[in-house]
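Paired with chain B in one complex and with chain C in the other, chain A is shared by the two complexes that follow.
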Partner chain A sequence: MIEVLGVKKRYRKKQVIEEVSFTAQKGEITCLIGLNGTGKSTILKGIMGLTPFDQGTVLVDGKPIDLNRVAFVPDHSTFPIHFTIEQCEAFMRDFYPKFDPKLFARLVDEFKLFPEDKLNELSKGTLAKVNLALGIAQDPDYLLLDEPFSGIDVFSKEQIVELFSSDIMEDRGVLITTHEIEDIEYLVDKAVMLNRGRIVREFDVEDVRFIHGKSIVDVMREEYGA
Partner chain B sequence: MNLLKLLGWEVERATKPYLILITLLVVAQFAWLGFFLWSETNMYEEIRRTGTPDYVLTFANYLGGTPFILSIGVAVAAMVFFSFWIWYRDFQGRGTFMMRLLLMPQKRMIVFGAKLVTMMLMILGLFSVQWIALKLQYIAFSSWLDSQMIPVGGSFEQAIRFDGALSPMYPASFVNFLIHQVLIVLVILFIFAFVLIERSLWQRTLWSPIIAILMLGALIAVPVTAFFFLESRLFMDEMMVVVGLGLMGWMSVTVWLSRLYLTKKLSV
Partner chain C sequence: MIIQFNTRAPVYIQVVDYFKKKMALGELQAGEEMPSRRELATELKINPNTVQKAFKEMEEQQLITTERNRPSRVTTDEHVLKRIRTELVDEAVAVFVESIQELDVTMDELVDKIKRQYGEGNINDRSTGS
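What follows is the complex of A and B.
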């Protein structure tokens, strides 16, 4: 379980995150929901130590984060744009001890990627698939995804959504931020709603659906008054 | 092992601009040598036609020329620039490679180590190329003037010894070589510490470069000021020990600061 406990973050005069606490279980998909600028990406980056929190703790299965067990997939490539997919894989093999070339090859095959393609020649959707393949091939227990559907076409979106329900993602904990909640609503186990750096609601999606007959989008309408 | 692998990646990424720099440096120097010899030969011939030249050319005349000094200056500036760029290029654009480096399940200091060793390899490589190029330039210089029966004064070693800019490349002893290398490493460490402090603060304050400069300025100024007060009370041997301790202190603090910011505060 990922435990985010009382984290805070300030940029200049703005308190971006105000004492946020939540958990994300292994084997479940937890979705961080919020309007733009509510601090979703900052929380993911903070968990990974890319933008350190000012205050608070992050524990993974009761211990400080181990980057061998948690992978982060940002909404953009983290490799120089002139790199080919092959070069990205070579880098990952060299420095990520758990990187699984067979799993990567399988994902490359499923996503119909071409290893010799350069990153700067790829569409946004294909780049998102490359990012995801590089993240999953780290074989992490927990996968943090920042806006994996942002600006990508419907077919790429479908391929990625299919992956979430495949055996590849089985037993992994997923913490995801997305605006396109309706695309993965039926896959999400838990939702954590943020507004102005605070958690305004945290709920079990199935409970809300069966007990109250509401979708995540309905709850968002209630909370954000949209 | 991981440090070596990352060093390999860093060196590979630096190879292209580095080779361009070396090529430009060598071509510029040989072009200047050609022009220098051509103009000096003409001048000598001119004087010989009207009388007897009363001066001899030395290799130091060539080394003292503005184009040569400029080529060395450009190489030094390029190395200083690259000490910044080796970090800043990884923060460029939205798809920042620094994020990938920081996400590696390795100690973050291997990133620091790989960049530091890359810089030192580049600098030592530049010294080596310059050393060979200068020897070749001397051979070309003396053989051309001999062929034109123009007297050459002084030796290669004499010319080098009197040139302050070249002294780090041609140290008088092994101890001198080590001292020069320590000073070069120290400059790089200060630059690295600056970048890491600045990059850790950039999202919090627009003043991040100024704060970084002030922090490092204080780190430089405090021991230097203390040294000026102590200087007159110390014997030579004691002064050497104090200077040595000061250099080691600077190195330790810059590495400590860099480690602190790289592992705990750096923000991408």
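What follows is the complex of A and C.
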């Protein structure tokens, strides 16, 4: 389980994260929902220690984060744009001892990627798949994804959604941020809603459907207004 | 296989209902092997935990049986299969009656209309079937 406990973050004069606590379980897909600019990415980067929180604690299975067990997939490529997919892979193999070339090969195959393609030749959807493949091939227990569906074509979305319901993701904990829940309405176990730097709702998605007959979008409408 | 999911109802129950319908119609026969949970999740593009929950629910309702490390199978219990059919028909009739009651239709008019429309439906079925 990832536990985010009372974290806060200020950028200059702006308190981006007022105070946030929530958990994400292993073997489940947790979705951090919020309108644009509500601090979703800040929370993921804070968990990874890329831009540390000012206050609060992050625990992964009760211990401080171990980057060999948690992978982060940003919403943009972190590699130079003239790199080929192969070159990205080679870099990752050097950098992450747990990087699994077989798993990467399988993802390349399922996503129908061409390893010799350069990043700057790829569509946004294909680039998102490359980023995702590089993240999953680290074989992490937990995977953090920042807006994986944002601005990509419908078929790439479908391929990514299929991947999340496949054996490749089995037993991994996934924490995903999005402002477009429609794409993953049926994938999510738990929704955590962020508004103005605070958690306003945290709920089991099937429970809310069962007990209140409400969809995630219904709850979003209540929280964020029409 | 495509299920048009409703976002406001629990997905696992919608999966259970889908299989009930297949069993009632004989598209899934008594004793037939169920698809694997993993395949089903990928095919329906839903959370594997939801499929797991649907299978658990079907086991509890005795619609399917699962032996250790074997694929689940549709029950061979005739009573259960009959019960599913009755349940589905009752549910559909309840929905229909509720919507027609709002329109304040007399029983005679209703029965007459049903007979006519249902009859037409049957004729169409036969003509497309042959």
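Before moving on, here are some points about what is shown:
The definition used in the following text is that the second predicted complex is superposed on the first by the 226 of 226 C-alpha atoms of A that agree within 3 Å, B and C clash if a C-alpha of one lies under 4 Å from a C-alpha of the other, contacts with A are read in each partner's own complex, and residues count from 1 in each chain.
The criterion applied here is as follows: contacts are C-beta pairs under 8 Å (C-beta built on N, C-alpha and C of every residue); 3 or more make two chains touch, one makes a residue touch a chain.
Because the structure is a prediction, the values reported are computed rather than measured.
In the three-chain model built by superposing on chain A, chain B and chain C fit together without any clash.
By the touch criterion defined above, A:F114 reaches neither chain B nor chain C.
Touch criterion met: A:I81 reaches chain B, while chain C stays clear of it. Here the apex is the CA centre of chain A, and the angle it makes with the centres of chain B and chain C after alignment on chain A is 160°, in steps of 10. Once the two complexes are overlaid on the shared chain, A:D167 sits against chain C while remaining clear of chain B.
Using the contact criterion defined above for the overlaid structures, shared-chain residue A:M48 touches chain B, although it does not reach chain C. In the superposition on chain A, A:S215 makes contact with chain C only, not with chain B. Least inter-chain distance for chain B and chain C in the combined superposition, rounded to the nearest angstrom, is 28, based on C-alpha atoms.
Shared interface residues of chain A (contacting chain B in one complex, chain C in the other): none. Partner chain A is touched in their complex by these residues of chain B: 2, 5-6, 9, 13, 93-97, 99-100, 102-106, 203-205, 264-268. Residues 27-29, 158, 161-162, 164-167, 169-170, 185-189, 206, 209-210, 213-218 of chain A touch chain C in their complex. Taken in their complex, chain A has these residues touching chain B: 10-12, 45, 48-52, 66-68, 71-72, 74, 76-81, 91, 94-98, 119. Chain C meets chain A in the complex at residues 5, 7-13, 38, 41-42, 44-50, 53.
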